[in-house]
Structures are given as structure tokens and as C-alpha cells.
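The structure appears right after this line, and notes come after that.
A, B, C and D are the chain letters, set down in written order, and residue numbers restart from 1 in every chain.
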Amino acid sequence: MLLPELREQVWRANMDLQVHNLVTFTWGNVSGIDRETGLVAIKPSGVVYEDLSPENMVLVDLDGNIVQGDLKPSSDTATHLALYRAFKDMGGIVHTHSSYATSWAQAGAAIPAFGTTHADYFYGNIPCARALTEQEIKHDYELNTGKVIIETIGETDPMAIPGILVREHAPFTWGKDPNNAVHNAVVVEEVAKMAYRTITINPSTLPIPQTLLDKHYLRKHGKDAYYGQK
Amino acid sequence: MLLPELREQVWRANMDLQVHNLVTFTWGNVSGIDRETGLVAIKPSGVVYEDLSPENMVLVDLDGNIVQGDLKPSSDTATHLALYRAFKDMGGIVHTHSSYATSWAQAGAAIPAFGTTHADYFYGNIPCARALTEQEIKHDYELNTGKVIIETIGETDPMAIPGILVREHAPFTWGKDPNNAVHNAVVVEEVAKMAYRTITINPSTLPIPQTLLDKHYLRKHGKDAYYGQK
Amino acid sequence: MLLPELREQVWRANMDLQVHNLVTFTWGNVSGIDRETGLVAIKPSGVVYEDLSPENMVLVDLDGNIVQGDLKPSSDTATHLALYRAFKDMGGIVHTHSSYATSWAQAGAAIPAFGTTHADYFYGNIPCARALTEQEIKHDYELNTGKVIIETIGETDPMAIPGILVREHAPFTWGKDPNNAVHNAVVVEEVAKMAYRTITINPSTLPIPQTLLDKHYLRKHGKDAYYGQK
Amino acid sequence: MLLPELREQVWRANMDLQVHNLVTFTWGNVSGIDRETGLVAIKPSGVVYEDLSPENMVLVDLDGNIVQGDLKPSSDTATHLALYRAFKDMGGIVHTHSSYATSWAQAGAAIPAFGTTHADYFYGNIPCARALTEQEIKHDYELNTGKVIIETIGETDPMAIPGILVREHAPFTWGKDPNNAVHNAVVVEEVAKMAYRTITINPSTLPIPQTLLDKHYLRKHGKDAYYGQK
């Protein structure tokens, strides 16, 4: 079996979606990439979590050809691959329909950076992509979903805001590896929940000032970080 | 004992209502039909879930006569039977008072198709039936509940929108078998929850366009489906 | 030990408050009465649930004298006793600070009968008592809490609407025995939750018509009841 | 090892944050002080809860010097120390990002004393501190967080309102020891949840009158308290 370690990581990350209450039934998938070989391990499509194993993760190349695996890969594979091709720092990608984040995506609204919980992980609002056009939906839908995500990210550093809302759909998050991408999926759901409650209490709440965003993001990330043990 | 397999399916489906947190006390029931004999297995009325077994599921014919069983069938039996008589594709029916879906039913509002989570299972809004008239409530209430559901479904395919809200009451869902009907009951509750949050964030959110509804519904259903392993 | 059976019932009912997620810390208490002797068993004050046992339930008479027990009875004992003295059908009483019901009490609003879930147990809105006056708070506060509940019930049958919201405080429920009173405490919390969501979806929702209230309440209660196995 | 008992208390209090569902990942910390030696035990920074032990709690003096410990103390240590220096009655301090309380902090609003649940623990509204200035954020951020809390408390008794919301951030609570501070963190989250729902039901709800606040606070605190067994 190729890439046993990556398979193990991707399998465990998929199982963790359940541990963190991010999925109902099979509504979520995680992938991970081995940059050396350019191979991606991803959850098979529509398989229940209890039946997953490191062995039945599907290996595909960056063009979507199945390299190893008897099952069909996730129906969202083309979205994952588009992101891996565009952004070299992404090591893992997660897609869920977690409840609060999906509600923001359905409402077509970015999640504002309302507090330090958000700023500890996301260096700005979590954007909501534009709706796909009729043509983008009809042909190569999953690929176009990836393209719209890439268009929304634009020139910003995707690793500084490691998640996005796909409008009328649900969130995608990413990270340096599959585990880190799941971590960010949990954070998106938690800040989506807090932001929801914040605007209910005070609909005119403004995002936090740049100085506070800098302070919290940079105490956890970059060369001057001082949070944690490193 | 007649129909041991159907009894087992219906019993398990009733137990699954608890597993999926869809019921408080005895506020829910599942039935299943064997189309060959025309017999329906249904939960006995008011019995706590721990005391249920495949053996104490009640067997009734499509006219409501008890064919096998010592207990009284669910008080909602007449509603289930009306639906089985009207729609030949229904193999299982579920009634719950799951919290978010019931709240939409109480508010008298259909659940709009706000996103792809909804579109993956329901090919359009989940309708809310009209209120029953005074006469419909006073005489043959449970039968009339079934009739109002049938009236609301009208000419649409009930299997394409496998659930409905009974106004001032709660949801009913159905499927090709009891297990599938429970699956749809879970989905109704999840999309009811997301839709609730969506309109709180943005009260003027519109349902998704037909193209996206087609895309998601048809990638999971029908001859061109490509989700899952078949 | 006097009344071992009542002690057991009251102890178990207190423990069930935790099972049903109705209490945080020690924020709830259950009592039960033996009408023959006129003795009431009640939770001791401020004792954590893990330390409760049938033996340390406190026995008091209807005037509040401790008949058996080394611990002080619940600080709300005077409220319970006032209700037992006023209404001969009450066999058990529950007080909790369950989250949704308490929120309605804090908002000073009755819980409207918005659907059949409510009508199955409560034959009309769950009322919210008036605020206590300054004098009623300063002297004999717990007794006056009972008096204001009695005043609110007025001429209606307390067993047909077995619960109330004490304004700025929290719910009390009752039943034919301690277990039934806990059952009603669960229902109050569930309908409080559904009603909260109902008015969020549609702030102008009206209570259900009397005919539907009659139908659902009377199919579960009274001589023509046909729900359940009796 | 110095202060084994304090280490044990602080470790257990940190673990209890998980038991009470107050933390996601490592988003919370508890400290405790030994007033005799002036030493503070606090959670190490960014360490997951499963890896905590009484032994790896970090001991610091009131100036922030590490007295015993191989790990870096919580990044919020300077906030804790500022509070211990200012208020001699504080024996334990808790910081969490618990969801409802954080939402109030993000909305920049104090939690009003809407009911007796609140009054049983907090003798008035739970205040929300002013936002830090740009200078206060840029230099000695954690120390300034402590100073703004102290400024907000002003001349009131911090033990009568044992918690505060740091604006755009999250709650801090305290108590006579670490366990009591965690207890107050649970209460802040519960009353934040109830207050959220209260204003949704009735946006013009007013705080309870002083007489009721006195009654409930003083039946649990001070020389005339009569709640509980002492």
C-alpha cells in the first residue's frame, strides 16, 4: 500500500469530524496530500464513518486519476484538487456541513472577526464566496466550486485565513496537514456560533480593530509568537 | 409471527429515533408496510422505547384492522394508513415532534430550500400543510391529518420531497423503507435547524436557484446520480 | 424510617432532574406528599445530587415542622407546602431553573399553546405569575411565592395546566406523584424551547384554536382518552 | 515539589473546565494562589487538558517570575497576577471562552441581572469592561487586560460580583479558591445563556428590582444566609 502514514492521518482526521460533532451521516470529508509524490488521500464517497479504514482511503493524483483504491473518491474531490494545485502550503483540506457555519453560508454572509477567539486563528473575516453562475453549476460543478474559492482568496495568504464559506453550500477549511485542517473546521464552527449570538444580542456590533487582530493572531503565529511551549 | 423481518425493521427504526435525538418520552412513531400482503407494522401507542421489541409491533391491514398484536397501535395509525393507501412508493413512515421542525410547523411556515444540504434530499421547499378545519379536527382527526397531507402533496412526487410539516403539530417523513424514513426525519430536523439560523442571520435570504437544486438533488438521485459507490 | 416508599420516590425524582438535564449544580428540588399522614418528603437544601439518598430526604408536616431528618429541608419548602395545602390533587411538586422555561419567566411572558406537543399536556397557555411586591419579597418570601402561584391558578383546575412560571424566577410544575411532576417539568422545558423558536421564526404566531387544544388534551386525559394502552 | 495541595486544586479545576463544557481545545485556564507564600499555580500555556497533571502546573510569584516548573505559564498569566495583587480575597481565577458569555463580551454588553438564578451568585449586572486602547493592546497587553478589569470593578466588592466580561474577548471569573472560581464560570455561562434567550423573547426586559436581588443574594451570602446546610 502506498503512503501508509498519509492514509492513517487522513483516516483519523475523517473520524475526528465525528468526535467534534461536525458531521451528520456522511456529510463531510477530509483529504491530505503528499507533496513529494503529488498524491492525495481522500475519503471514499458516501461511505459511513464506521466503515472507513486507512486502507479504504482513495489515492488520486492531482489530475484526479485514481492511483490506488477500489472505491470512488469523494464527490467533492475536484474541489480539493483545485485547491491543492493552486496553493502549495495546503497539506490537508476539510469540507463539512457543520450547522452554524453552514447557516452563515446559506445567509450569504462572511463571519466577522468579532473577538479574540476568531483572531487567534483567522487573520480577518472568514469570507463568503460569491454564488456560482448557472453555467458554473451545470458543467464541472465541483471544479468550479474550487475555482470560486480560489478567486475569493485572491492575493491574500490562504494560510492566514484557513477557511471559507461556499455560498448556499457550506464551509471548507484547510491547514498544514489533515489534523490541522480539522482543527480549523472546529474553530470555524465555534466562531460561527459565537458570531451568530453576538449579532442577536447587538445587531450593530463591529469587527474588532486591526490592532487587536494583530495582537492575537501574531501572539500565536509567526516569528514573534509567544503562545504555547515553543 | 407474521412478517418477522418487517417487525425487526420497524422496531429498529423506532429505536433509532432515540439514537438520533428526535424524540422526548414517547413522542414519535415509525411504521413500515409489506406491499405484498398489504400489512403495516407500527409502534404500539404510548409504550416507552425501552419496552419495545420486534414482537410487540402491531400488525394492521390498510383498513386499520388489527391482524396481529395484543397492544393498541399508535394513535396516529390512521394518518399512516391514509398515506400508504395514497402513495404506492412509500415503504416506511415516521412521525416525530423533533424540536426545530416542530417549531417551523407551529410557526405555520414551509422550510425553504436554503442550501445544498437541503437540496441533497428534498427537491424543493418542505411544505407546511394548511390548518385543519374545526370539523376535520372533531371527527376522524387522524384520518383527516392524512388527507390534508395528501392534499398538500397534490400532483408532486412524494418521494422527491419525502417530508411535510403538519401545521400547529409536527413533521411527518417517509421513505422507501422504515430506515430510509428515519434518515429523512434526521435530515428534516437538521435543515430546519440550519434554516432557523439562516433567517436569524439574514431574514431576507432567498431559496437557492433551481439550477443548484437540480445539481445537488440529481447528483444523489435518479439515473445520472454520481454520489456514493453505485 | 417513616414512609420509605415516598422517600424512594422523591429521591428518584430528584435524581431524574439530572437525567433529563433540567438542573445545574443544586438548582432544583422535588417533593412528594403522603396524603394519609399529611407528611411531605423533600430534598435537603444545597446538597449535591450525588450525596442524596432516600434516607436523607427530609420529612416535614404541612406546617413546615421537621418530622424526621438531620438536614435542613430545601429553602423553597414553604412554597411547596402552600401548594399542597391549597390543592388536594397535587401529589408531587418540582422546582427547577431549566434554561428555556426560566428565560420565559425572566421575560415575564406566559408560554403560549402553539402546538399539539403543548396541548397533549397543558390545557391552555402556561401562565406567568405577577411579580411579587416589595413587601412580599421582604417577609415570608417563599410562602408568598406559593401564594402568588395560587392566586394565578385562581379558579382553574391546577391538574389541567400542571405548571407555572414564577416571574423573574423560574418554573414550578406538579403532578399526581413526584415522578409525574418531573415528567411535566421536562414537558415545560421542551415546549418552552419550541415556543421560543416559533416566535423567532414568526413573531405573530397565534396560539392554536380551542378545538385542537380540546382534541389533543382530551385524547390523552379524561374519560374519553384513547392515547396509550388503557 | 512546592505546594502540592494547591497544585492538585488548580489541576483539578482546570480539568473541570472540560467536565462543564466550558472549553474548546486549550481555550481556558485556571490559577490559584497561596497567600502565605504569595505563590500562584497556573496552567502551562497551550498544553492540552489530557496532558495536564498537578506536577506540570507552573508556580510563579506575584511579579511573574517562575519559581518552579519546566513549562511556560499561561499567556494570560499577567492578567491573573494583576488581579491577585489588587484584590486580596481572590483565591482562584478562571478564564474561558465559553460560548454565550463570550458572545456578550463580543457584543460589548453587560449581562443584566434578569432573574433569581443570576441574583443567587452575582449581586448586580455582570459588567463588560471598556475596550483597550491601541496603546494598551500594543504594550503589556495581558497586564493591561488586568488593569482594565480592575478599573471596571472600581470601588465595588469583587467577591459580590465574581466575574466580568473583557470586551471583544471573553469572561474572567474568580472565587475564594480555584474550585469556587470554576463554579462561578459555570454560572456566568448559564446566566449568559438565559439572558440571551430572555432578550430574544422580550427585548425590553428590565433587570429585577433591588429588593429581589437583595433577597436572593443575601439568602445565600453573608451572616443572615439560610440556603444550604450551614
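Here, a residue touches a chain if its C-beta (ideal position, glycine included) is under 8 Å from a C-beta of that chain, and two chains touch if they have at least 3 such contacts.
Keep in mind the model is a prediction, meaning the values are calculated, not measured.
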{"item": "Same vs different contact residues, subunit C with subunit D, by half of numbers used", "value": "different"}
{"item": "Interchain centroid distance [CA atoms averaged], subunit B/subunit D, Å", "value": "47"}
{"item": "Rounded Å distance between subunit B and subunit C, as computed from the means of their C-alpha atoms", "value": "33"}
{"item": "Residues of subunit B engaged with two or more neighbouring chains", "value": "199-200"}
{"item": "Arrangement of touching chains [line / ring / star / complete / other]", "value": "ring"}
{"item": "Pairs of chains satisfying the touch condition", "value": "A-B, A-D, B-C, C-D"}
{"item": "In the complex with subunit D, residue positions of subunit C that touch it", "value": "24-25, 27, 44-47, 71-72, 75, 97, 99-100, 102-109, 131-132, 134, 137-138, 141, 168-170, 196, 199-200"}
{"item": "Of all residues in subunit D, those that touch subunit C in their complex", "value": "114-117, 183, 186-187, 190, 193-195, 197-202, 205, 208-209, 211-212, 215, 219, 226-229"}
